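The structures considered in this document are given below.
The following pair of complexes shares a single chain, subunit A, combined with subunit B in the former and subunit C in the latter.
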Partner chain A sequence: MKIIKYFLLLLIILNFSLTKAFSNENRILVDKISKNLRCLICQGQSVYDSQSEFALSIKLLINEKLEKGNTEKEIYDFLKNQYGDWIVYDPKFDKKTLLLWGIPLILFIFGGILIFRKVFIY
Partner chain B sequence: MKKKFVLVLLLIFFSITFIILYSSLHKVEIYIPEKITNKSTIKFSAKDLFSNKEIDFNSLVKNDKLTIINIWASWCQPCRDEHPFLMKLGDDKNINLIGISYKDNIKNSKKFLNDFGNPFSNILIDKNGLISINIGAYGVPETYIINADKKIFKKYIGPLKEKNYLEIMSLSNENN
Partner chain C sequence: MIFNHIGYYSLVFGFFISLYLLFFSMFLYLKGKLNNQLNLNIYYFSSLQLFLVILSFISLIISFILSDFSNETVYYNSHTTKPLFYKIAGTWGNHEGSLLLWLLVLTLFIFIFILKSNNQPKLYRLLSIFFQQIIITGFFLFLLITSNPFNYLFPIPIEGLGLNPILQDPALVIHPPILYLGYVGSSIIFSSSLAALIENNFSKIWAKHIKNWVFVSWIFLTLGILLGSIWAYYELGWGGFWFWDPVENVSLMPWFSLTALLHTISVLEKRQLLKSWTIILSISTFSLSMSGTFLVRSGILNSVHTFANDPERGVFILTFLFILIFLAVFIFFFFSKNIVNLNEKNFYWLSKDSSIIINNWFMMYFLSVVLIGTIYPIFLEVITSDKISIGPPFFNKLIVPFLIPFLLIMSFGPKLKWIKDRFNKLELDKIFFFVISILISVLIYEKLGQKNLLITILIFASIYLFLISLIELIKSRNNLSQKLSHFGFSLLILSILFNGLFSKEFSSNMKIGDQIEFDNKLIKFKNVESKKGSNYNSIIASFVIEDENKRISKFFPEIRIYNQPNIMTSEADIKTSIFQDKFFVINFLKNENYFNVRYQVKSFMIWIWISTLLIVLGGLIGLVRKIK
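Then we have the complex of A and B:
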């Protein structure tokens, strides 16, 4: 019986120490931001999904920056400055990504024209 | 006849699959984007592995020497592979080699240095990996060459190889 009591006590203590690591409010934001970041070590995964040392550190860093009062944008900007745009899943619109953003739009318009011709002209 | 043909085809298919999978076993394919150097200057302070005193990184950079940062850990196998090159770089009088112990147990770090030698002038502790992220690192091992403005101008991801070592040595000679 005594052992069970100690065991329960230990469990409670451990639980508290775990929840202290990230405050509830920050945890939601850390999750949100880390879902938008690519883990650069296991590149098929997001930082949120990955358990690599790199991803764990990034999550810690996001939490630390949030606690310091940094905004989400500031955190993304910091990471983009460190690792380049590749770390975010949302590539910005510039000369290099022009085709990436443009091709779907061009195909959409081209397809629309084809359908239009088929239906209304012939 | 047909059965034999299918069998041979299957055999060829499996051998090719085996060769492809086997050859890629040892290939590390991590895509590294073009941007590999930082525009911002490196700024951090951390505890020293041996003295346990908080040290400002800037105070370690010396203008007359080529400053190199090496991120390593005792639990990392490739770090062992590159260690002989680091030992040689540490012997060079014109090189100031600073180590960052990445997410490592202090005892294990010291044991590693005892076993393989200590090429570093200083070793700073990065307990949770945040310093390495501030530098722009992915993991271990990584080596950075810093210029006098405390900016990174060369970065090696993964263990140093012979050709990297020679490149660093020629940079060190150019510097002097």
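Then we have the complex of A and C:
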């Protein structure tokens, strides 16, 4: 529900038009950013890959923010604020994701120790 | 109608046979007669079971061909206007049918196992059959209780609901069966490792015999993943070949485990070492294959592949999986004292044995990255109700740096001698290749717009492996299988890197008559026309791309609107050449005169497929040579 509300709001702001051509340099950045965003109303697609109205309006929004001179980081932060962490594919390193980043690395080190004990050098 | 009954009762009889075999093999095992012949009843009943499952499967196919909508599965997944080819393929394009296929492969494989394991001790064979029948019984129950493909519908509907159009595709006709052959092959490895553990049957002959099954599963699993990737590339219309989507990951996890096993089994064969580790890998490969089925079918994962899901089924598979894993772990701890070798030898650091252990180390690391990355969001959401997404950036960050040492070790590991090798003087050709690789990667680094040191080092490592394995391949034909697969792997990494670095893409909204400049070329939207297919209407757009020398290439991307179910798909127009694919796709925009147009130049695309095929070919050569 929350998503739809924001989405309608977005549409009104963007004047109901989803079909604006972006300038060349912005287009590359829009593509780059939208590849890292999840299309929230689709099944496992990025905003870049999706052609849903949600995805299209997010792309427009990114373009608008870029024209206003916002940086990439500001755009990500804005979107995370609106839609939650779920929208970005690149999870940041914090308390919540400590184990996510940690477990594979710890396993690697642990495996290394095990192997080191089995292998002799001299 | 009649086929509904034939199919259903074949399954019921098949289930009872599997109960019979379960008890009979256990009975014979406990009696433990010394003559080395397997009881003929086992042969008869296994072949009867196989026959019944084939009969059931054929009945389902016939129901699909005849569009018999009194069958619920047919009603939900087929339609009279669907081409015959896809009516047949629709048999396994749905949950019930695909499980029946699982069962078919399971019974087929145990039958082949019984025929091909003559040189093995009788008690070991009986135990393997026993464990395999536990799995088969589970699948019979699963089918009959939660996913009966032969449910009867009355009154009989006149028309079916049709198959999801994105599944109506040649690659998808063979992708699931091939992948299943890989998954199910791992069940044989699972059963026979447990049997070998209990019987302490880890002879050289056993290693050779189980190696064939490892190869078979590995070949099919690799091929299955490749087919899925090719399908996603041209059908889902995003122009990528791997998205780190949960369902893709789920097929990659058993692959890592199985690949580790493929290497370890040689150590077992040569030196009778790493027995417990072999068992652990066998158990984990099969568990991961099963959880793959569970995760895809339960709808827990948020993925493009979630075609059918039902919590009840998920609970069943999950319970079944837990029982099997519990059984396996219990057997492992109870019997592993059998195989504890008191004077278990250590490994010398510079030897083929050690390099294989290092391979396993990395494989397990990659496996853990993919595993944690796939299931972490589920657990986090359950525990803290926070939702996070884990996509390509996460996997790239954790995998790319580790690929560098992995590739470098791969460049000399296979050439080391077993047990103990000596550190030879540096060979001139290796230094030469080393320098060349550095030069090429520096050149690429200079040319790149975005400088990335890590990627450059990775390019260096993969070029080095590429050159070394190419030379090895030319030098001699010994060990062709391994050399070809490793060469294929270096080519794969290189192609993926170049694909990522040199691909260009353009995406914009256009209406008829528009032209836009991209990469010194002019993209012109000429016109659209509509066409009628057998079960869809399509809109075909024509585009012209004019380069600076006024050379023209034409593209005809298509949008299809299927009638049953009413779904729109985009069919990309792809022009493949040796060094790049040109990928053109359009999408409909609602209530607008515009189309969303996407044009991508994908570098080295075809080499990703070719290199994976080389990897598979290496496996195939290995298998053929072993059977000979």
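In this text, the second predicted complex is superposed on the first by the 99 of 122 C-alpha atoms of A that agree within 3 Å, B and C clash if a C-alpha of one lies under 4 Å from a C-alpha of the other, contacts with A are read in each partner's own complex, and residues count from 1 in each chain.
As a working rule, a contact is a pair of C-beta atoms (placed from the backbone, for glycine too) under 8 Å apart; a residue touches a chain by one contact, two chains touch by 3 or more.
These numbers were taken from a predicted model, which means no experiment stands behind them.
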* Asked: Following superposition onto subunit A, is the placement of subunit B relative to subunit C best described as a clash or a fit?
  -> clash
* To do: For A:Trp86, select first, second, both or neither according to whether it touches subunit B, subunit C, the two together, or no partner.
  => both
* Now for A:Val119: first (subunit B), second (subunit C), both, or neither, which partner does it touch? -> second
* Is A:Ile58 in contact with subunit B, with subunit C, with both, or with neither (first, second, both, neither)? -> first
* Asked: Counting only touches as set out at the top, which of subunit B and subunit C does A:Thr97 meet: first, second, both, neither?
  -> second
* Look at A:Arg27 in the shared chain and tell me whether it touches subunit B only, subunit C only, both, or neither; answer first, second, both or neither. => second
* Structure fact -> Between subunit B and subunit C, more residues of subunit A are touched by C
* To do: State whether A:Val47 touches subunit B only (first), subunit C only (second), both chains, or neither.
  => neither
* Asked: Which residues form the common part of the subunit A surface touched by subunit B and by subunit C?
  -> 43, 53, 56, 84-86
* Asked: Quick one: in the complex, what on subunit B touches subunit A?
  -> 30-31, 33-35, 38-40, 102-103, 128-130, 132-134, 136, 138-139
* In their complex, what parts of subunit A are in touch with subunit C? -> 18-22, 27, 31, 35-36, 38, 43-46, 48-49, 51, 53, 56, 84-91, 96-97, 99-101, 103-105, 107-108, 111-112, 115, 118-121
* To do: Provide the residue numbers of subunit A that touch subunit B in the complex, in ascending order.
  => 40-41, 43, 52-54, 56-58, 60-61, 64, 81-86
* Contact set on subunit C toward subunit A in their complex -> 236-238, 240, 243, 245-246, 302-306, 346-349, 354, 357-358, 361, 364-365, 368-369, 372-373, 376, 380, 384, 386-394, 398, 402, 505-509, 516, 587-590, 592, 594, 596
